[in-house]
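Just passing along the structure, written as structure tokens.
Chain naming follows the written order as A, B, C and D, and within any one chain the residues start at number 1.
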Amino acid sequence: MMEALDIFASAGLWAAVLRIATPLIFGTLGALICERSGVLNLGIEGIMTFGAMIGWMTVYHGGDLWAGIAVAALSGAMFGLLHAAMTVPLGLSQHVTGLGITLFASSLSYYIFRLSIPVSGSPPTIVPFQPIAIPGLSDIPFLGEALFSQTAPTYLAVLLALAAAVALARTPLGLAVRIVGENPHAAEAQGIDPIRLRIGAVVAGSALMAVGGAFLTLSAFNSFFPTMVQGRGWVCIALVVFASWRPGLALLGALLFALFDAYQLRLSHVVGKAIPYQLFLMIPYLMSILALLVMARRARVPQALMQPFRRGER
Amino acid sequence: MIRLERRAHVPLAARIGAPIAAVVVALALAGILIALAGAPVLEAYRRMLIGAFGSRLSITETLTRTVPLILTGLAAAVAFRARLWNIGAEGQFLVGALAAAALGSQHGLHLPAPLLIPALMVGGAVAGALMLLGPLALRLRFGVDEVVTTLLLNFVALLFVSMMIEGVLKDPLAFGWPQSVPVVGDALLPKLLPRSRLHIGLLVAVGLALLVALVQARTVFGMESRAAGLNPAAARFAGIGLTRILVLVACLSGGLAGLAGAIEVMGVKGYVTTDLSPGFGYTGIVVAMLAALDPIGVVFAALFVATMFVGADSMSRALGVPSFIADVIVALSLLAMLVALSLANYRIRR
Amino acid sequence: AEKLKVAGIHASPVENAWNSRLHEALLAAAKDGVIEYTFSEGVSGTDYPRAMREYAEAGNKLIVGESYAVETEARQVAADYPDTAFLMGSSGGPAGDNFGTFGTWNHEAAYLAGMLAAPMSKTGTFGAVGAIPIPEVNILINAFRAGVKEARPDAKFLVGFIGTFFDPPKARESGLAQIDAGADILFGERIGTADAAKEKGIKSVGSLLDYTPRYPETVFANAMWYFRPILDAAVKDVQAGQKTGKDYSPYSFMKEGGNDIVFSETMVIKDSIPAMEEKRKAIKDGSFKVPVDPSEPT
Amino acid sequence: MSAPVVLSLEGITKRFGSLTANDDVTLELRQGELLALLGENGAGKTTLMNILFGHYTADSGRAVAFGRELPPGKPRAAIAAGIGMVHQHFALAANLSVLENVIAGTRRLFSLGLGAGGARKRLAALAERFGLAVDPDARVGDLSVGERQRVEILKALYRDARILILDEPTAVLTHQEAEQLYATLRGMAQLGLSIIFISHKLHEVMAAADRVVVLRGGRVVAERAASATSREELAELMVGRRVARPRRESQQPGEVVLEARGLDAGGRLKGLDFAVRAGETLGIIGVSGNGQATLVRLACGLERPSAGHLTLYGRPVEDPSPRGFVAAGVGRVPEDRNGDGVVGEMALWENAVLERLREPRFSRAGFVDRAAGRLFARSVVERFDVRGGGPDSPIRLLSGGNVQKLILGRNLAEAPKLLVAAQPTRGLDEGAVASVHGEILAARGAGTAVLLISEDLDEVLALADRVQAIVKGRLSPPIPVAAADPRRLGLMMAGIWEEAA
């Protein structure tokens, strides 16, 4: 029992939490921005896969690591544009289109990867982001190792979450996104173009999703292989709900989810197989459903989520 | 200025032309990718046709692949028609399969074959239905949107199946491999053709599609469930028990998905692994949309998707095109079809 | 002789370590002019039997692959196509005249790697990251442990299974978790493990293929597995018209050239080499048998 | 009328498919003027205003505000030109605060800071000046309908609107709220604002407007100074023929059909007593939020009383469910016709039979008899003059008045013993009101008992034999309509019925 608690005292656990959480933070923020504007983007799983592939490919072919991130973001934006074009002006069913985007983006990633990388014994690698020790902070005992020895994209993710929280609450753009997600007719009556705003939000959100995917190949690991996103995109969709559509809570949710994952990996050394590991892995999903249950009552859901807006129609 | 304007009535030509145009566009786009792989495009499509229909083997394989897709496609179609957004067919498929394996194993039901097979089908359907009733209850009781809950439950179901087949339902004779106990010989579905994988599940699936079509078009339940989906408040005012309708729809939808899993176990594999389904549940949604939620259309859409998968898979083997092209083609078809069907509702005006 | 038409069906992408060993051996045989080789990869369990049938109907004489996830169906296919030989990585045994099986028995090399690893640990704790606890994997991890134990009976072992065959980031996280728990030598049954070792500046052992070029400062020894002897034996049987429904695992043994250790002399402790080489000789001449223990390590 | 022209619409034409919603409409508005736009349902009033504000794009024609042509299809440009619009269906985000609703879109999108502090002060000043008090931090979803109306107007004023458009602003307001609103509008006009408002309530139009423009079939058919016209003339101009609301003939009521004794509904209704007799109309008046909706739900079988009982023909209702009520001969007209009354995407015939689908004449062994359904629909369409589509067209294509006629028709075709009609003419034009009133009176004449729940006092005075008021879940004693006048009814609705009596 004590051993199970001791795990929490290891700096390695907390470092792992931040690391595991990073792609989830990007993905969740991306999904959150889309949903706040009223568009559910189930393309996330595929967009993350594509970002992972194209980001890695950029670096493999000699690009800078940040160029990899940028190219991934760009590709995410393109898929976002496709999703937006289909769901916003055409008003097509958002979840079906999203699933279609996921199928398309992921199979296209595998296809392109297979075409351009010759088959070899083990996946070719790149030199990924290295941890940056923040001078001063990383020397703090425990905390330094736990929190301040991450790679640059991890710091970026945390900063982005905070920035998104401020932007949504306190800037005209954030307010515009919110009002479009709540009632696009109200937005239009205020001179905001719901269609352009939604397209913009979906494009931006999808770019973030792709960056989350790229983190997997450019920082968490050093090569790309099919199926490597492993359902992380769906987890992000759940986390948005868990966070009741707020960036700050999204950050927290991603960390909590990562904590479960990291703890579960370590706990298995202590308890052996007494508790099936699957139970631990289920917890975040079940927690999200529970959160949904609480949130549904408070009506925090963007009211126009999944409701198409057609100009000049009623 | 050119504008799109919604049509009050969609002409027949547009309704038929749109899907055809969509497939042509999808194949043309996929052609670019095939050409990138250095393969001759037309030859590739010829190979695809051969791979899907060119031999006894390919025909039976295509049809075998069609079976679960019809059932998951129907599952999505009936639910979507009543505006029950069941994205959880994948999970329902898995638990249906697990139920069939558990009940059909040596330690399960002891029934003679003619009873065992229907019993296992019912068992799978019940498991799938139960899996969807949970999210429905949350929606009815707390107003929780079922898109996310059913999506999430797919992962819970997968983990649950994984836990079971590494736990109590693990096959002790599988050398540690995580797979469920197999169903007994009596539980295996008779083959439609010897030396093939094609089983009588095909007849069951097509029969159910006809039945669902009949129910939806002609019965009180069909009309009431449509009303309930389109305008719940008005349905309630007209005295239609929404809860009752949605529960029935959920039982039907989840049941069909669960049945798909059970049939896949009994007809093809004999036991359950976590990779039993290459996304049959999700593809079912694709199938339903391609069919514009029409039950008869689902049969053809399922056949189309199966043809694409099996044909492209075979083509990729023959021409050295990466096998992922099959998924790319299906995805492109879906996206093109969605756009085409929607554009058919509009006309261009200047 | 005429080239034998051989098809490979890989359930994973061919980058996956295990499949890459088959794939490389098949490519090499093709290059040597022994066979003509075509393959499919990433074939799911649902599609696997169809791929087998298609290749059989396309006139391939030998079909190489893995039937772990489709044991029953694969044997059914073999029965339906008696003129085609099947050579499958399998947990089960051979079937009929044409369904041959093989195991991945590089446990001898793993044992030797364990002997080299034993004195290198400061903490006395050794970690191992595996896919899922099937005999193929268990035997290896147990053999590595036995090798360590021979030199260091008090050693402590950790084991982690990632629940899937190909998820390098997860293997890495699992490795990191073991390092957190005190391990300072990792046995990487799965790719990704060495990344954890590298990140934390400890050493690790590779399995199946040579990871040292990929992780030069980290991987000091590799329990190599070579598929070529099995392949050659099966090809010979097919060409000779002999029954191929048999267990080809013995060709994995070190004395057949089916597995061996490769290691970096500069990274290991010098004194431990002679004892290991001695054991190696004993294995080859048959005077020492590395225990085969398929039970799940705990 | 020497004030300068601030707005002119020139030759506006707008088509939806084959339908011409606006046909070469030309219109002028002068500074400080209150212009009423009249027209029957579907005349194209909302469409015209939506074009002006940039929600829709006209097929031809142009709009000029303060001498500058407005670019088509750009609400932002209309706002910038000083036009503000209060929409027929409120354009508010319920989950946002009042302040957020007001300031959204007021600043450059990509600037920092919302400037909420300054905005709050400005909003308070506006509220003070125009007498439109609301709490800036309240969640809009928590506000009453009247308060939301104020927020809508404040939104326009906040953007310095000098031309204000109000599309049926009083449709959901009570009499008092409406009076107050017009008082405010007149004040604004005196301050130089120019106002266009749309209403179906002719007495309001007569009282408030300076000038009246009438649209019919998308064309401007008349323009009158409010002082130089009459209700009757306006009604005739709108509909194109003389319309007179039918008159109630007095007749001797029969047996008691519906009776309530001590009806309670979870605190929302308290000890209600009332009775309706055959061939008699009982009008229930009240300000929204006092329990009418619950009363309608009880009388339609959608909810069961928590105490007390409801009897039909002296017996408790056998099966107190919507179907049971229908089977027992109750015709039901819901308050929200598009929300509760019909399923927009379904065919007209399906909507006609939906609540009777399980009766043996429309289905057998669970199978729908579609021929019988279509036949029934056709008979309703003919008898009640439902226009806009045949049995197989989706009902969403029908106008509000025609939907209402179908709902009434599907009930009245069955000669119900009781008709429950909730707000039967809300939002309907003069012609439609006349025909709906005619149908209700005809049913009463044929011996149907009518329970009329309405906020429209004119309607109650025209249709009811007796009137009761509902206030905070309690019902006043009935008074005969002969003893009722608007003042007395107003007092009753305020809960002062002892004094009023």
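Here is the rule we use: a residue touches a chain if its C-beta (ideal position, glycine included) is under 8 Å from a C-beta of that chain, and two chains touch if they have at least 3 such contacts.
Computed from a predicted structure; not experimentally measured.
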| item | value |
| --- | --- |
| Greatest separation from chain B - chain, by CA centre | D |
| Centre-of-Cα separation between chain C and chain A, whole angstrom | 35 |
| Computed distance of Cα centres, chain D from chain C, in Å | 77 |
| Whole-Å separation of chain centres (CA-atom averages), chain B against chain D | 46 |
| Interface hub residues of chain C, defined as touching at least two other chains | 41-42, 163 |
| Chain B: positions in contact with at least two other chains | 6, 162, 324 |
| Touching two or more other chains - residues of chain A | 110, 226 |
| Pairs of chains satisfying the touch condition | A-B, A-C, A-D, B-C, B-D |
| List of chain D residues in touch with chain B within their complex | 16-17, 57, 300-302, 321-323, 326, 332, 334, 336, 339-346, 350, 354-355, 357-358, 363, 366-368, 370, 397 |
| Touching residues (chain side chain A, partner chain B) in the complex | 40, 42, 82, 86, 90-93, 95-97, 99-101, 103-104, 106-108, 110-111, 114-115, 226, 231, 234, 237-238, 241, 276, 278-279, 281-282, 285-286, 288-289, 292-293, 296-297, 301, 306, 313 |
| Contact footprint of chain C on chain A as seen in their complex | 7, 10, 12-13, 16, 20, 110, 119-123, 125, 216, 220-223, 225-228, 230, 261-262, 265-266, 268-269, 272-273, 277 |
| In the complex, chain D residues that touch chain A | 50, 53, 55-57, 73, 75-76, 78-80, 85, 87, 89, 91-96, 100-101, 103-114, 141, 155 |
| Complex contact set, residues of chain B against chain A | 6, 33, 36-37, 85, 87, 138, 142-145, 147-149, 151-156, 159-160, 162-163, 166-167, 282, 285-286, 289, 322, 324-328, 330-332, 334-335, 338-339, 342-343 |
